[in-house]
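So that you can tell them apart, the chains are marked A, B, C and D in the order they are listed, and the count of residues begins at 1 in each.
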Amino acid sequence: MRDDLSAVIDTEHDNESIVGEHWPMIDKPLLLDHGLFGRLRRDAGTHWKSYVAHDFVLALGRGTLPEAAFRHFLVQDYLFLIQFARAHALAGFKATTLADIRAAAASVSAIVDVEMPLHVNYCAGWNLDEVDMVATPEALETTAYTRFVLERGLAGDLLDLQVALAPCLVGYGESGEILLADPKTRLDDNPYREWITAYTSEPYRALVRNSIITLDRLGTECGAEARYPQLLATFIAATKLEEAFWSMGWRAGQVTRDG
Amino acid sequence: MRDDLSAVIDTEHDNESIVGEHWPMIDKPLLLDHGLFGRLRRDAGTHWKSYVAHDFVLALGRGTLPEAAFRHFLVQDYLFLIQFARAHALAGFKATTLADIRAAAASVSAIVDVEMPLHVNYCAGWNLDEVDMVATPEALETTAYTRFVLERGLAGDLLDLQVALAPCLVGYGESGEILLADPKTRLDDNPYREWITAYTSEPYRALVRNSIITLDRLGTECGAEARYPQLLATFIAATKLEEAFWSMGWRAGQVTRDG
Amino acid sequence: MRDDLSAVIDTEHDNESIVGEHWPMIDKPLLLDHGLFGRLRRDAGTHWKSYVAHDFVLALGRGTLPEAAFRHFLVQDYLFLIQFARAHALAGFKATTLADIRAAAASVSAIVDVEMPLHVNYCAGWNLDEVDMVATPEALETTAYTRFVLERGLAGDLLDLQVALAPCLVGYGESGEILLADPKTRLDDNPYREWITAYTSEPYRALVRNSIITLDRLGTECGAEARYPQLLATFIAATKLEEAFWSMGWRAGQVTRDG
Amino acid sequence: MRDDLSAVIDTEHDNESIVGEHWPMIDKPLLLDHGLFGRLRRDAGTHWKSYVAHDFVLALGRGTLPEAAFRHFLVQDYLFLIQFARAHALAGFKATTLADIRAAAASVSAIVDVEMPLHVNYCAGWNLDEVDMVATPEALETTAYTRFVLERGLAGDLLDLQVALAPCLVGYGESGEILLADPKTRLDDNPYREWITAYTSEPYRALVRNSIITLDRLGTECGAEARYPQLLATFIAATKLEEAFWSMGWRAGQVTRDG
């Protein structure tokens, strides 16, 4: 789960009214076409679509995802979050202004002090113990995605790092929006209902909008226009690695089903 | 000021009884001789003593430090703290366990969310405005010390980084202890009373003890014994840069006095 | 191919006598059990064996590897080498002595000025054009392995980096030794003869021995004994990523064969 | 000395005709006003002038520099070169194209394999032994300048690193040009003749022109226009640190003279 689930789960009860028989009215759009992010997303084309509308996501919405797939995903997502916290710590080092250092510090704290305990708690509901999760080897896809982001952030500057991180936060929001629009999505008797609720809630959507606006501001300061080809290459690579992360979970379900 | 001032100033009123006509009983020693830190401190010899018992420190205790020296120091300490926050963010990236990531995140938050606002507030009492401070160029000594720590932390591992950071936190505690023992130190009518109180208070001393114990644990995990010559070189270099930082402030006072 | 193929191919003609009807006498062992490397290799157990005796390697020796598998491998190995050069450049930054900086500089130059031109030339013999190779997207396995090594090297110190790099250089040497001992290996009419010759030649074997000895020296200086659990985790992760790299190539052959 | 002295000293004898009674015709200008560098130099204003026309430089040209100042400078320049080599190795890691990796590798090799041996040899002529130099502690100015460059390069991207490095290479070339134009400069009976000859020779001037052109190309690719305020801050900071490096040497001469 992503660095906002905390807020989402915290307010879940307030959002209870949005789920059930009918879908919520979406008042505020996600700004998916806005600024630098919008341009990157458009130019990532089918790579982006293959990620946000992945079979794994659609099956989550329909409640048909094999439990083994979801459990595999949850464990790898736990391992992912540790590296994700390190990536935000890295953003704090890369920052040159106190405002950017503070923003990065807040993100790290949100991940390690709020989101990870919540994730651990959520996993416990699936009989996944933290001691076991931390001892599980990273899947190839987890290593590839997290180390790609960290290394790009180290080799490049803060903008390179944030572009590498962008598909994660925003993509989960768009996946939620796709589920909202999919007539086959259901929440009643859906074991993944809590997950869907989290990523379609207004608090999460607010985080997505905020990150899109922040990336555009950073892009302007850091010369994104002139650097666009390299930034797009980073964005597409990260998007493909996100897609591979879903596929990893999907295959875990297939193996069980076929076995 | 250092990443604990927050706790210190918060509890200042509780410590009020320790100042005034007589000095506090020091129940718990600072553990200055303990473990890896103790060995580094002993082997740094006169470099260490020149730093912790610097004329700047002694003059603070006696209340004789020229105001220009202290004000120069406060501004450069503000600029130092920005880089110090980045160094702790870097420790979060360098960490490999969730516990170490959390510890680093807590340090960064303590610096940017608590200590820096307090420092800015304290500086305002000396008519130093944050907008002016952030626009002040770094002194050579500020650049040298902060970039040395950051670069050592990037080139080496977490232990290298923490050894480079150690003289700062512990040294201020030992300077406080030296002032406690100096019969010429006075708190009444001393314009620097608040600063002295902070670094001789039990909360700060607890931080010092904790960091000394943590460094020893990290040293054991990371093979400090075998790496000792390199670690000592780092420690001595950082100690000399701390001494140069005090000397920078001291000279600012001399210039004014002589001018 | 690895950072020694240059020397190997240069001296190929001198080694001509070793190939053909009978295998060479191996006078000097590879030192696979020596020092820190030997301990890591033993403790990596089946992970190590699965890598060095991978089906891809055995099929190379027998000349039965599908050409598509080898060609896929060659392209990804080209992309790997670019990142491999960056990893050695990183070692130059991480070094603290002039001798270690020089050694890293020599490795980078060997890769970019000698080995890559040779690799490009060798690929041309397989009708693989450099312009096409540089435009080929990295496979997931290539990204995972290279970024893992780079990121470990950045987060840790020079020893962490060199342990992450060790499976590559030494493993290819041991794979060569396994082919020498495999009665099914043949060089006559083997399209991969040149590759096998390279990694079983004395110049390559000398490089392997040298790197094993150097790692042990670095380990002693950097406290490998106390850091062993973390180092072993790095070594095993890198070994598994190397195995995944071979599997990637192997699957490329299966796809073609089955298709 | 800087990463080109090698070429310069190699061709010294060919340039012999340019020194002596009259100054050489300068056919090709240094391109000091060209592109991104030209803009940074203009905007650095008096900081730049204070560096390139430093008293240390002018006294070198006149042969009046105290020997103690020059010897102190030579030792610190040796220590500087070790870090300078690491900075160029870092550029190799930061590079994303094979061409940029190759350029960085060539720079590192030029420094450690050619320039440092020449510098050591030149120092031996001043009775400065390498064993003693490597054991000499870095001056505050050496630490400040080198770690500032390395840290900026790590926190930012390749352009940030190259902007931080630019004052060094180009500044020495402009200092040479200032000496050429200064009627008080003399080569006959000037103990620093070899140093002056090196930095006013055509091979060094070619390096300066080349680096100015390369920086402009990199700036265009990396969005220098939008990032200009931050780049200028880096350039000015590095320029002031270079000036401080000369001042360090100058003071070493004053101490001796006054002592």
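In the analysis below, a contact is a pair of C-beta atoms (placed from the backbone, for glycine too) under 8 Å apart; a residue touches a chain by one contact, two chains touch by 3 or more.
Quick caveat, the model's predicted, so the values are computed rather than measured.
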item: Each chain counted as touching subunit A and subunit B at once; value: C, D
item: Number of steps on the shortest touching-chain route linking subunit B and subunit C; value: 1
item: Farthest-lying chain, centroid of Cα atoms versus that of subunit A; value: D
item: Intercentroid distance (Cα basis), subunit C paired with subunit A, Å; value: 35
item: Whole-Å gap between the CA centroids of subunit C and subunit D; value: 39
item: Averaged-CA centre spacing for the pair subunit D and subunit A, given as whole angstrom; value: 47
item: Shared interface positions of subunit B, touching two or more other chains; value: 86, 93, 150, 154-155
item: Chain-level touch network, classified as line, ring, star, complete or other; value: complete
item: Partner subunit C, residues of subunit D touching it in the complex; value: 82, 85-87, 89-93, 95, 98, 101-102, 104-106, 108-109, 112-113, 116, 134, 150
item: Complex contact set, residues of subunit C against subunit A; value: 86, 137-138, 140-141, 143-144, 147-148, 150-151, 154-155, 237, 240-241, 244
item: Residue ranges of subunit D touching subunit A (in the complex, touch as defined); value: 93-94, 96, 154-157, 160, 220-227, 230
